[in-house]
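One chain, subunit A, links the two complexes that follow: it is found with subunit B in the first and with subunit C in the second.
Up next is the complex of A and B:
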């Protein structure tokens, strides 16, 4: 474990002496992943614990509940092979802290932050509590400037802005992991120092191999910290994984001055872990048995993004979640949508048409897009172009519905042009290989190409000077 | 005696001339067509070649990038493995050093025993082995001051300074 002592011993660089940790030997019960210890004093909730087995093996845990002299500890590595006699539990006196610094870059760790790449434990010159320190609201800077992902449809239509939290809403069977890996592999911040922290939760081993392979180049460039909690890892560890990732990201951003993109997938697996732990704590279940504090718990993660006045760097959060049975009213997407600033929605219909990434442009939205696009940020024509493309796609969807009712032959020439636009949009703009890093200029030019399948009279949201530059009036007669 | 002039000769001659003219025209057209086809074929071949070169260059660049990434990954994995071994060696050396110090230095053993009593209180039952490992217990509480535990705690507190093992001075 890379946990740091609560007194910040690693931070001070002082001596190598410290208080003698007292272990409690009164293990009353071992139940599933829980250890009930009696005779304890001065132990608090969420405190980090080290469990020493009779064999000398060390495991780690978190205090789930304290009642009098009883403490319930959830063991991160599970209780298999443990027995009551001979098991000792030492409490750290504080919630988990981890070392932070650039030592995480290039490293692959499990969901507890232990090295999974054959290297030594990750060390850092400072340590930080994984629960994070809330950012003083008056010192928050509004998000600004884009994070370019190299995925054309995202960069043009739902631009990710530095300091923003923008979730991907997906469903089982859709390539959200492929998209997350592509974004993590390609994202840049206009040549400024950049890093990606990728937190995988509840991933299968095949998914882990895919993620490691897809991010190999970024890892080799020491621009990636990868935390992987697999589906067969203990659930309590799954609750730690995003917190470790965000703690590392905050330090890389606000101390080291990097722009950091934190990709967290799959948040639904995280929420299910939260539900399981909540049940183990005996809490009263709320909607679909998730704990009543699911909203505030998710907010405690998502709200760790942002920029701080007077500090360099930014933390941008891209959580990926799967909607069970595609239900957008499910508590996890529902509550996530309340907290985040827009959403990127993947669609089974678009996927069925054979086009990838299967983004639904009309259901997707980046609320902060205007802060990250336009002159000096992306390109002067970007905001108007994106707005017009969305409007045209909305009209083409209405026209498609109309065509189902009245038949294609009854449509006006302008309606037919909108139908053709939808087709051109999928073929020329949306379709992109998972290994294709599309420059923003190319994506914007493709957007123009798609829009100009419409007559100029249908492009009323674009200023005349921009239209003149891209579609000279002389060409209008030819169309 | 000469044969009487054939009245069809002019016709024959004209037909022959027309046929030759037609043949020449066909030949000319065929030559022109052949030239055009050849030019087109050459242009197509050039285009195919250029595209093939482009694809080949792109493939090679992608392959080279993959190779470079793979090599960088392999080198980094080897470096991490070496760092891991060095760190383990440091832990072993620190453990051995603490064990030796406790075995050879009675003052150190006394200090450890005193620390155990201080942690749990005067009623603590202190156990010390010949090797110098000390533990103490008192009503469900225990302190472990064995050589390995002391060494591990010291190494943990060493923190980032352990990186001097593999970082250039």
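Up next is the complex of A and C:
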């Protein structure tokens, strides 16, 4: 029922589909984002509803529960200004569907999919239910090709793979939005058809301006669909925004054959909206008062990434979230980490050292990287190079801790070389401007340059032939 | 609302829908755990509570569009699955419906139940017409990669009225008649009822997993239970997949319970490609995969672990050793919590229902080494992953699981961050099977096994203790013997305990290779100690290139020991030079 085939006719954007059928006026209760309507019949669970206020204003909602002749409806735009007497509710008879197609590309819409760029409503020849349908695990194609972001540290150390879900874990004050926009602006898939769907949730107006500005070129090239729910937009609408984005992305990928990168920021704002509805319903809270189904709900978004056997496109998901108080054990980053295939962690410590993007290379990990890198995908030396660099950085961190305690003079020559490596890593490799699109070749060569601050004997993870090619044995004598 | 009686005696109507929770008007005669077909699409659901004339049903599929007044039809049977040899090599959803028969996207209605056609299986009768047989008796043998048997189903006994001749038969064909009842190759069994056995046996034979960290330090017996707690990124799934691929069980049942879709796709693809080290063929041919990813309906996730246990018991009853892997039991517990919350049950810790501990214990109790009804020995070993939120080991699922399992392989974030895989922590794991398995190894001709394990554990613990000290004062401040202890810890970790899942040579390790690696490392360590005791400078010993020993695990094939011995000798020779 969730993913019936395209129904042919032209559907209008913004969820205000079709004529309004029977209207019910028996509003019994208004509480938080919920309306309880009585006297209804034939209303199914998860149906889409249209609510008309006595002022004539239209709002939208989803059915959370039906019990006898009662229906509990969650109002996307909030219940402010609604009263019991003048509110009419009509049910659409099916879950929310939106038009899909390339018409979204180049457009800017609000969190409900209504045009926010002064243009006409987005139309599409086909429509799809926003809830999506799970991809059959047997029909999934395991991801094994890279998406290049032009951000050196990501491309080399935590390579994003087509069909992967890889979140950015950040904290307040760190430049995660800058990084997300840089990735969205620069990402490519080796010349194959590409598109970015960007879903912003709870962004400030300044943030929105920054996003629109940063992605203007991509939008002009009709490679971008932008959905933005601002911080002063209705909170509950945020629950819809990522679903719209993913529905549009799935169509672009699996029907239009594009590789689609979906950036969703900020997922913490999304989870807060979920918690608000849960609290209004009086549900039993789990960790930190988030609902017990937070894991499944996040999974219903993140798991929409992937590739399907026999179809050309892919959906890659890059959720961005801020860890409240920088706490990685907070339910939102924690449950996200359990669902996603790795994580990109931004660190206040690296930020303090003055280089950006402030990636923590040791806490960051792309689990699908080994399948998406190497000969024929990136470069033959890439996997071993990245593994060795990570191992060396891990040792550097230990040595730095040790140096703090016992002083540099107590360190062995190999330990001192690792301190140099950490320095070279920050200066030559990690540091990159937000407008610099660094080619992979350049990034890999810089990684070699950093690594070769160590003597050859410390590079045990790199096969001898690769070492010979990149580090002439003559160098060894000099060390 | 009183006139909703329905058309037939057993037809009923839906009263309330809230996600997977559906309440129906309860006809007389509907029992707990009975299946109900909901709505026009006949979505499956299970009765979980009856209160007055209302029954609460947990729906196994997306309930969008279901409305009060829609039809609910009791089916009169509990949730049951079809058990047949053709499960091997298949991929199923949580209700054991074959996923291969579904499209790219899973829509409601789910995949059809298994088609009755399918390949034909070679059958050889082992009883004569007219003989008397009891439940569990072998009626015949079914060929294939794994030796399967046709058994008299539990609860049936009597005279063999007829038995099929030798030859190929479809899996749903009638193969015998016992006590006037037909016996088919495919049988049905309710998932929540453990299949009966004659008696439980002590679990005292080792399950060789091929993972050294486990086989050496925290071994598990066939028929025992293991929990694998680990935060995200600690390599839980990777470790479980390695065990699924390489352990020496006859049949693997892999339940992906609320986990990643890409990961399941990866497992399915790899099992289909890898060759079974035990007798060739594809690994997939001895594996049953149940894939209920995190975005598939939540309540089918709840059923999936029971489905998996039932499949495991079915193969166990044929006298086979089965390993049931559930990844992750935490997602299963979350499904329990979700539903308890919708039912309005009073929550216990962190919103989980008060029955969580007993539900977990009951699931792990389906593991056992048994004497089957037919007199054969078989076993089900249960390995369950646990995903503690925030890595918090005091959370209810981890805490309750730890109490009921025999072995705990605790995965450590520090080790994983240092890319030490498998990240099994030697300080926080345990194996209550170790003593009995030490005896088993001694009986099997390896009397030194327990001593070796003890030595490695002590050496690792002492290196850990010294590591704390080294962080404070630096290694040069330690006395010579202690510095060698630090070196010994590193050698054991890197040469023995670590294992590279991606290297064909190192992905699994036979008991012989594991022993050779341990002995090589211990011999080198002993020699280092002797040298410093005899006055050789510690710096000189530390400066020796131990690389051949560290690389031996990747240079020796899984069953080879000669390259390990050679590497040991090379390093010993270098030590002599340093002396």
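Some notes on this structure:
Going forward, the second predicted complex is superposed on the first by the 441 of 479 C-alpha atoms of A that agree within 3 Å, B and C clash if a C-alpha of one lies under 4 Å from a C-alpha of the other, contacts with A are read in each partner's own complex, and residues count from 1 in each chain.
Basically, a contact is a pair of C-beta atoms (placed from the backbone, for glycine too) under 8 Å apart; a residue touches a chain by one contact, two chains touch by 3 or more.
These numbers come from a predicted model, not from an experiment.
By the document's definition of touching, of the two partners only subunit B reaches A:125; subunit C does not.
Comparing subunit B with subunit C, the partner in contact with more residues of subunit A is C. After overlaying the two complexes on the shared chain, residue contacts for A:445 are found with neither subunit B nor subunit C. Look at A:38: by the touch rule set out above, it reaches subunit B but stays clear of subunit C. Using the contact criterion defined above for the overlaid structures, shared-chain residue A:256 touches neither subunit B nor subunit C, since it reaches no partner.
Judged by the touch definition given at the top, the superposed model places A:114 against neither subunit B nor subunit C. Touch criterion not met for A:192: it reaches neither subunit B nor subunit C. Contacts of A:178 after superposition on the shared chain: neither subunit B nor subunit C is touched.
Look at A:67: by the touch rule set out above, it reaches subunit C but stays clear of subunit B. According to the touch criterion, the shared surface of subunit A, contacted by subunit B in one complex and subunit C in the other, consists of residues 4. Put simply, subunit C touches subunit A in their complex at residues 1, 15-19, 23, 41, 62-69, 91, 99-100, 102-108, 231-233, 256, 258, 260-266, 268-269, 291, 293-296, 298, 331, 334, 337-338, 341, 347, 350-351, 387, 389-392, 417-419, 471-474, 476, 502, 545, 547, 550.
Within the complex formed with subunit C, the subunit A residues making contact are 1-4, 41-47, 64-69, 94-95, 131, 133-143, 163-164, 254, 283-287, 292-293, 295-296, 299-300, 303-306, 308-309, 311, 328-331, 334-335, 337-339, 341-343, 362-363, 365, 367-368, 370, 387, 390-391, 394, 401-402, 405-406, 410, 457, 460.
Residues of subunit A touching subunit B in their complex: 4-5, 9-11, 13, 15-26, 38-39, 52, 56, 88, 99, 101, 103, 106-107, 115, 117-121, 123-125, 216-217, 219-221. Subunit B contributes residues 65, 69-70, 72-73, 76-77, 80-81, 83-84, 86-88, 115-116, 118-120, 137, 139-145, 148, 153-154, 156-163 to its touches with subunit A in the complex.
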